[in-house]
Amino acid sequence: MNKMSAISDWILFFGFAIAVLTMPIWLAPFGANYPDLMQRFAIFGLFAIGFNILFGLTGYLSFGHAAFLGIGSYTAVWSFKLLTMNVLPAVMFSILMAGIFAFAIGFISLRRSGIYFSILTLAFAQMSYNLAYSVLTPITNGETGLQLTLADPRMIDAMAGIEATRTLPTTNLFGMKMSGMPGFYFCAAALIIGFFISIRIFRSPFGVMLRGIKSNQNRMAYTGLNTRPYLIWAFVISGMYAGAAGALMAVTDPLAGAERMQWTASGEVVLMTILGGAGTLVGPFLGASLIKYFENIFSAYNTTNLNQIFDFMPDSIQPYVVDIAGLFVGKGWHLTLGLLFMITVIFLPGGIMEGVRRIGLLFKRNKKNTVDAGGATPAANS
Amino acid sequence: MENVVLHVADVHKSFAGLHALSDIDLSVREGETHAIIGPNGAGKSTLLNVCIGRLRPDSGHVVFDGENLTGKQPHQINQLGVVRVFQTPEIFPELSLLENVMIPVLAKRDGAFKLSWFKRFSGELDARSKAEGILEDLGLGSLIGGEAGSLSRGDKRRLELAMGLAQEPRLLLLDEPTAGMARHDTNATIDLLKRIKARGMTKVIIEHDMHVVFSLADRITVLAGGRIICQGTPEEVKADPRVKEAYLGEEQV
Amino acid sequence: MDALLLQVLNGLDKGGAYALIALGLTLVFGTLGVVNFAHGALFMLGAFCAVTLEKILTISTKVKDESITFFDAYKEVPILEAKYPVVGGFIVDYSVPFSILVAIPVMLLIGLIMERGLIRHFYKRPHADQILVTFGLAIILQEIVKHYFGANPIPQSAPDIVSGSANIGAVFGLGDNLVYPWWRLIYLAFSLSIIGGVFAFLQFTTFGMVVRAGMQDREMVGLLGINIQRRFTIVFGLAAVVAGVAGVMYTPILPPDYHMGMDFLVLSFVVVVVGGMGSLGGAVLAGFLLGILQSFASMNEIKSVLPGIDQIIIYLVAVIVLLVRPRGLMGRKGIMED
């Protein structure tokens, strides 16, 4: 049984890796196979997978994870400015920096649980956001956002004898340009590594302890377990994922702005996670991809498109339909997002994966009626 | 004096001016089964809560094997070997039975915190076989992969007992282990507790059921109104007039 | 000294708004046990009641501008004013105060619909679910407002008679150069009277007594056979009205835009937590306290010592309070710890 579950995890992992790496092929029919969008799938997938390690396993709802995303982006851009345009050090530094901040914030916030924890993380994220906009302008370049300039020192690059050019340099991985498809494959590799670590954590004693905390935190303490370090580690790990995601955003587009840290951005990653299914392995990635896909589609529409689409309608109702539909598309994409949020929480709190599981169960039951398939083990956390 | 494992010394505890415990002085000896009985509201559960660090006494202290438990965190007290089995089953409802019992096994083996995120939980074969053995022992072996939350109330209580035993406690505190159980289950539990006793585990039992108390206890402490009114062997307690008085109208001793 | 008094007044204003929003939040939390992230949106909707009414009242027509004599010039004048110069002009001028009359029934209706349609189904759900679903609702409401009113702030003006400043220096004997806008003083008085009204309502009516008892022990009140459900709906409506009128009256101070609700919500939540979850007095106290602290923190003298403190002071206080005194200034012990 142990070997079986290990094998099924490897199948899951390789299936995931292949699915991600072949996205350019199978996303083509959806018109979503261009690098920019696929990069976003990978980046936000990574962000959500990391968030899920905290929220999905321990049940602690953080409303401030966007702060770590922002910190990751700023660190990466600074690494580009000061050291080198190579992306590897940038990602490393970002993960490290996000981890340090996550430790500090988590150390304090995790002294409380429930809604108090949510409010504490929210307060810290708002502080980071406000400071990034105001007094930290020397580091964050305030409202304009942090950008590359021709005058950046790039010390390591300079030492390596890479000549400064007249145009802004591009991010690279040992010379390979990190825009377009190579950029996507880099993000995909990061996502796959992140997914692998997530599987390991889910299946480890550490992961089971985290689920124990979600299930009955008091009982954990009376079982001789100190829940605080477990929670802090979960918080730091998920913060590091967010830092990595932030770094990847800077890798594909080397600038960083404070709006990335706003609490609505934290809300978005919560939505991604619950939409896909909190506490499941692939759910958060599914949720993130779906949201980014729909964002892409819905934002592209405008009144002219809509008029064309609803052209078949009688003139008397067409303008009204267009007006209502217009609420949800283009700049109104956020409205759709809010609606999605509500629908998910109301009707499918377990997310898409829960829906899939229920449908699967339905089939299983039908089968069971005909052939008595014994020994059905609960398929937890697939 | 024999080898005293747990010493509750002069403990007072009051809630909003109400004395829940006063002048509690109690010694539990190594290897014995010590029952605490008393009418409802006598302060039994409060006393147990003080022992495991859930409540802090107003004054006095609790010493376990030379270590002062007062002011220690619950997980620290547990790591010293003091384990409590709760009256309302405190389990991990979303986790499987096996996981429910493996967590305490690992807590005993690895201590209060261990960051082992690269191992496989299901690959902890020693812990696993130990947990399976205990579940088997308590008649839960057939339900091992099921979700703990879906158990019947009686099975939940047995699962909790399994979780307590999984830690191989030096002192096991049992809060009404047979409350709400059918007679058949009660007898099974008594047998089980007798077997543990043979292994030399020290136990403190709070119990209403006098049948259970007199079949298990080596010594009995009787609480009433937050005070100890009598302490001694079952025979001594049976004979004590004050006990009869305290229980008057409650139960026949 | 003048500057200090000015900062206190500034803080009291802002604190008044915080207190009014936080009052509703904590009332809903204390009675219904629901964490409502859409409460800020109610404040925003109130403000847009004022905007809407003003828009309707000032539907304009072109009339000849008599002040220009060289050529025929036309200017836009509200129809109301053009037709009935005296009464119409008066109504347009007083559109913000009149908006309150509109906002009360509108907000009550919105509150009732929200409670019946959504909130009620979330009483028994975990707090995380409540937060998420109301967060979604808040986004929807603000996006709808954005769609119809645009993203830019829409300034509203106070009635002419109070658009100037009061010479409060003279009142306090501090010299003539200490002036303070009339409307802000009115807002302060307004928020105090609303707070007083809510407290009186809860203190002196049977309805209020039941609600207070419900805040103490919900199950108990349920056991008494009192139909707590209907009262909860009304409590929610009341909270919506309080947030709404707070929004209406705030429009001349802060031109409303679609995301003002979210901005105030986060702050109000912090206020509630600092005051103590479910404590009405705590919410009011913390609201004014944090308002004053914030306005002191934005003084140049303080900013020069602690740069950026004005941006984070409220959150910083919240963090400290939560760590040192988790139940807040006036909260009961243990509430929502699990």
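General observations
Which chain is which? They are A, B and C, in the order written, and residues in each are numbered from 1.
The criterion applied here is as follows: a residue touches a chain if its C-beta (ideal position, glycine included) is under 8 Å from a C-beta of that chain, and two chains touch if they have at least 3 such contacts.
Just so it is clear, the structure is predicted and the values come from calculations on it, not from any experiment.
Relative to the C-alpha centre of chain C, the farthest chain centre belongs to B. With centres computed from Cα atoms alone, the innermost chain of the structure is A. Rounded to a whole number, the gap between the C-alpha centres of chain A and chain C is 34 angstrom. Here the CA centre of chain B is 53 Å from the CA centre of chain C.
Centre-to-centre, using mean CA coordinates, chain A is 45 Å away from chain B.
Shown for chain A are the residues that touch two or more other chains, of which there are none. None of the residues of chain C touches two or more other chains. Contact residues on chain B toward chain A in their complex (touch as defined above): 52, 54, 73-75, 78-79, 83-84, 86, 90-96, 99, 102-104, 106-108, 110-125, 145-147, 163, 167.
Listed in rising order, the residues of chain A touching chain C in the complex are 59, 61, 108, 111-116, 118-120, 122-124, 126-127, 130-131, 133-136, 217, 263-264, 267, 270-271, 274, 326-327, 331-332, 334-335, 337-342, 345-346, 349. Taken in their complex, chain A has these residues touching chain B: 1-2, 5-6, 200-201, 203-209, 211-212, 214-216, 218-227, 229-230, 233, 377-378, 380. Contact residues on chain C toward chain A in their complex (touch as defined above): 35, 118, 121, 125, 127-129, 131-133, 135-140, 143-144, 146-147, 262, 266, 269-270, 273, 277, 307-308, 311-312, 315-316, 318-319, 322-323, 326, 336-338.
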